[in-house]
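Below you'll find the structures, each written out as structure tokens.
The following pair of complexes shares a single chain, chain A, combined with chain B in the former and chain C in the latter.
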Partner chain A sequence: MKSSSLNKLTPYFFIAPAGLVLALGLLYPISYMMYASFLDWNPSQLIGEADWVGLKNYSTLWQDYAFRESLWVTLKFAFSVVLIEMILGLSLALLLDRNMRGMSALRTIFILPMMIAPIVVGLMWRYMYHPSIGVFNRTLNSFGFESIPWLSDSTWALISIIIADIWQWTPFIFILCLAALQSLPRSTLEAARMDGANAWQQAFYIKIPLMMPVLIVTLLLRLIDAFKVLEVILVMTNGGPGLSTEIIALRISRTASEFRELGVAAAMSNYLLILLLLLTLSMFLYNRFIEQHRAKSFNAIGKTSP
Partner chain B sequence: MSMILKIAKTTLVVLGALGLATGAFNAAHAGPYDAYKGTRLVVNFPAHPHYNAVMKVLPEFTKETGIEVEVDQLQYMKMREKQTLELTKRKGDYDLLAYVVFSKADYVYADQLENLARYFMNPRLSNPAYDAPDLIEGYVANIGIAGGHKGYLPGPTGSMFGLPFGSETSILGYRKDIFEKHNLSVPKTYDELLELACKIPQLEPGMGGLASRAASGHHASHAFLLHLSPLGGRIFDDAWNPIVNNAAGVQAAEALKTIVDCGAEGSRAFGFAEAGASFLQGRSAMFLDSTVFAGQVNDPSKSKVVGKIGWAPHPMGVRKGSQTGGFGIAIPKNAQNKEAAFLLMQWLTSKKADKLIALQGGNPSRYSTHGDAEVNAKFPHMKTFGEALKNADPDWRPIIPVWGKINADLGTTLSKILTEGADIQSSLDGVAERAKQIMQDAGYYTWN
Partner chain C sequence: MPVITFKNLRKAYGSAEIIHGIDLVMEDHEFTVFVGPSGCGKSTILRMLAGLETVTSGQILMNGKDISQLEPIERDVAMVFQDYALYPHMNVAKNMSFALRLAKYPKAEISQRINNVAAMLGLETLLHRKPGQLSGGQRQRVAMGRALVRDASSLLMDEPLSNLDAKLRVQMRTELAIIRDKIEKNIIYVTHDQVEAMTLGDRIVVMREGSIQQHGTPQELFETPANKFVAGFMGMPPMNFMDATLVEENDKLLAHTACFSLPVKDLHNKHQLPSSGEVTIGIRPSALLPVVAADETSEHTLTLLIKVCEYTGSQSLLIAEANGVRVLVEVNSQPSFKVGDNIKFSVKPSDIYVFDRNTELAIY
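After this line comes the complex of A and B, so read on.
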């Protein structure tokens, strides 16, 4: 072999270990799941003994009202928590992006909820929502209000898990937004200030547009996470009452362990995977479109200026 | 010198031969456990009050037999997953395992448990004093036997795959002080039970009638099934047609709704633990659920009603029928020390060990233990439990592989009835319809 072609191959040698890890660690499990989703497989069988059923698992899922309902619950849950968390997290970041005394201590306190193990968060909220000894109902009662059936009414149960998730994950958005804010070019902000922009104008016309790439990534990360949340809901309501809080991750876990239908569970996971891929892809495309748009207008400015 | 050596050698040989002969003689008259002395068994038990009691008695087994036992205790909901993996291995790590009753359907069907016939037939292993008829019939039928009637019950074609161990039935607990105060009599029928359940909150404001599970899923379904059998209902008829939506089914759902509506605050979201806590904290006057709960009522660290609880059999509807459930023990097909494992399971369920375990707070598997004077002196409720067990119904819920799915659907539907006021008849019709489809897919109507 000539040394020039060896030279050309060198980079691939260097990438090879990473590629191998990727193939073993990522592609293998995913293809295993893909394969399993075409099988009628219960956990007492070895995968080789399971029957091939083609697309049956995928098609029967759409006739399963429990799956459709749990998909709807997941969408409601994911979009409401992410929307509220984005608004709260961003506002908090805009408010707290200044030099105050004790700021770093305050920031640490703000991100505490994120550091607590999900099971503990679930238990904590379950006790706070407890109908008779929970802090919420006791407070309501002491002010003379009626108790709220936090976890035992289907509408309230969904609201309750949304509140708990917002409490836990707003800090994540807050901290990313704050980091983005602090890395914004000071000169732009100064220029805006000198031009007489007030705080609202600075936020809406300068800060938020400049933060957009970070906001989009944050949104995406949270959305993906919200679609997969499991432990907190498992502990708080276990999907109930009825199916009102049975998000898809919980349905998958029950299908695999309670109903012992590994093939169906794999098909459900694949639907979730496809959904998340579509979301990611659309975000990515949107981001690229914005960047190109911006680059174009920037070029246009460059061309017209002397 | 060489002469002396020769003599010494011969003596040694003779002595050695003698020694061997004595050894052989001993073997011929050895105790049943001698051949397994020093064997180390690995067993899988759940973290459960009964098995905690077993842990205290196990050293006695090792002392008596020389067989060592290593216990892997797992949370009981996690146990099934781990066991499923273990059982599909070629060489398993567990020599004996405790299984939740509905695992019987899966493990036996997948041919993963040893048929116990060949052990009970083996004169070297089977103890003639075992007294199998003393084992509680409902438990044996529900947990131990498969292959007979309906596939999961005893019958001419059935055989035994496990022994009941840590099994439980349903029992009614009530507050003696409250009943005496208002001159109430302990309910013997469902009519009396339901009437009392709603009368108590009026007599004792702030107190719920009967603490019942109701949380979505398994809990709601379990509570419903508790009432279904005594009220004369079943999930399926003998041809596997769902009949959960017949009059008895509707009546059972109505009973559950009445109980939950007249229950303590928040009772719509109660699981087993919450329902139990409500009774132990004195916020409910009655409790109808598993006997495993009885161990806690007189523990002052958990209970505010020490000494105030009386026990009575599960009230009857059109028939007497308390639940059967809990755990059994079995030998995996892929176990390494099957014979020693059989000796352990036989010992654990023997009269002697059953009593020892009961004295430590476990759930006995034998009628004789329930009637034992020493056990009753320590736990006076045992006699009532023994009486109640004569009506234990092994067929109060079907033990078939697709039950998990039907059970989950039943549980969420009942939760909708309890929390959203869904119509009972049409909701149960929906369950029956979906169950029919699940059964169809699983091949239960192949012969129709």
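After this line comes the complex of A and C, so read on.
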């Protein structure tokens, strides 16, 4: 081979190992899942023995009340945790972005929940939510309030897992926001101060708009993660009571292991994947739309009067 | 427009004091330039005046009213930052109107003020653009416009031209001088560039290590520097310094060095001279005049060996040596000088500055 053509191929040799890992670790399982979603496949069968049923798994899922309920629970869960976490994380970051004694220690303590294994988080919260010995009910009782059926009432159970998730993942948003805040140009903030912006106005008119790219990526990461959450809820409620906390990841896991319907589970996973892809895509499109819209309106302003 | 007064102004970070008791009066409608090497505290003083840095002790007075504890917005000052500090997510019009919008001015007045300032700075066609779509010079003008729209009585500028390339800097300097005549404001300007200081300032404050070295008009600073530092800092190329001994012969002062002796003008404050007569003399590069061959009779000259000749057009800068001491000479490029030549130069007695070698203070 000529050395010039070898030279051209060099970059491909370098990325070949990564490409191989990607193909084996990502593309293969995904295509396997795609294929499996068209099969009526029992775990006792080999994949070759399973019957091809086409889109039947996909269509029956829509008539399945449990699946629709689980999808609804997932949407409620994901959007409420991410919304609350974003607000809390951003507010904390805005509040703690200052040089005070002991601030670095405080920041470290803040991110501790993120470092705990999800199973442990689930266990911890299950004990805290325990109807009689849990710290919440004991505290409520000691102040003379009634006990709350944290995990045994369907409405409260959803609220309880939302609280636990917020506790665990607000720090993630907090540290990303803090990093974004600390990389903002100091002189721009000083200019805002000179222009008479108070702390609120600085946050709303300068800091948050400048942090927007980071906020959007953070939101996306958290949403994707929230749609896939499993372990904490598995340990805390195992989807109950009823289907009130059976998020889709849990439904998939039960369909595969308890109901032994691998094809249906794969179809459900595909629905989740499509949902997340749509979410990501719409966020990027929205972002682009906003930018174009802004440019247009600014042009309009420039033409008439400022 | 207010008179701004600093009274024993100090700034310390922990135990390290970086501004040592500044006393200064900046008159009404005056363009004051703070100049000095980096780290001399000039920017800190400006930021204290702006309200971005706290005052450790002392006072800042505006027309007699102490403003040193007020918030920036309460001080009636606007500022232009070195890196412009524009709001990247707002277009030019929004950048300029931010302060007015915060202060809830009526829309009609905001747009009128923006149009006025934009017209003055030539920004009319750029109002809808974002900072990212502007060149360095345009951003600089927007930063200036944002400060002017506020119509504060004093305008603070922190090295506003230092991020521009050399050609644009000279152009903006001229524009600044023109704008300056159109606006009735105190301007307080910080720079490390003595040319900017000389060309723009009504008065210059030369700073060094947190203290004022001299405060005066560009001419005063150039012609009667208070000390060796000011003499060396103001003027380009810088003044030459040489150790010399002053001796009085026949009622005339002569400066003796190892290889030449030159007559010095009569000093009013002879009593300030050290008894040993040991001083530092200073001669500006342009004060050294080549002695033409016909004039060989002139008795007080110094002979310099030309080491390097930097041709810059009509003028040339000679880097020469006298007895191992480097001397800069600014001459007309015609007649030309060759490297390796030994050339005789004379100096008018009035062009020789005398400094106390220990205190570095100028003696006149």
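Going forward, the second predicted complex is superposed on the first by the 272 of 306 C-alpha atoms of A that agree within 3 Å, B and C clash if a C-alpha of one lies under 4 Å from a C-alpha of the other, contacts with A are read in each partner's own complex, and residues count from 1 in each chain.
Going forward, a residue touches a chain if its C-beta (ideal position, glycine included) is under 8 Å from a C-beta of that chain, and two chains touch if they have at least 3 such contacts.
From a predicted model like this one, the values you see are computed outputs, not experimental measurements.
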Partner chain in contact with A:197 - chain B first, chain C second, else both or neither: second
Which superposed partner A:259 touches (first chain B, second chain C, both, neither): first
Partner chain in contact with A:46 - chain B first, chain C second, else both or neither: first
Touching partner for A:152 - first (chain B), second (chain C), both, neither: first
Chain B versus chain C as contact partner of A:188, first or second or both or neither: second
Touching partner for A:206 - first (chain B), second (chain C), both, neither: second
Complex contact set, residues of chain B against chain A: 80-81, 84-85, 87-88, 106-107, 109-110, 112, 215-217, 264-266, 268-269, 283, 401-402, 404-405, 407-409, 412-413, 415-416, 418-420
Contact footprint of chain B on chain A as seen in their complex: 42-46, 66, 130-132, 147, 149, 151-154, 237-243, 246, 254, 257-261
Of chain A, residues touching chain C in the complex: 185, 187-188, 190-197, 201, 205-206, 209-210, 212, 298-299, 301-303, 305-306
Partner chain A, residues of chain C touching it in the complex: 50-52, 72-73, 77-79, 81-83, 85-89, 91, 93-94, 96-99, 102-103, 110-111, 114-115, 118, 127-130, 146, 150
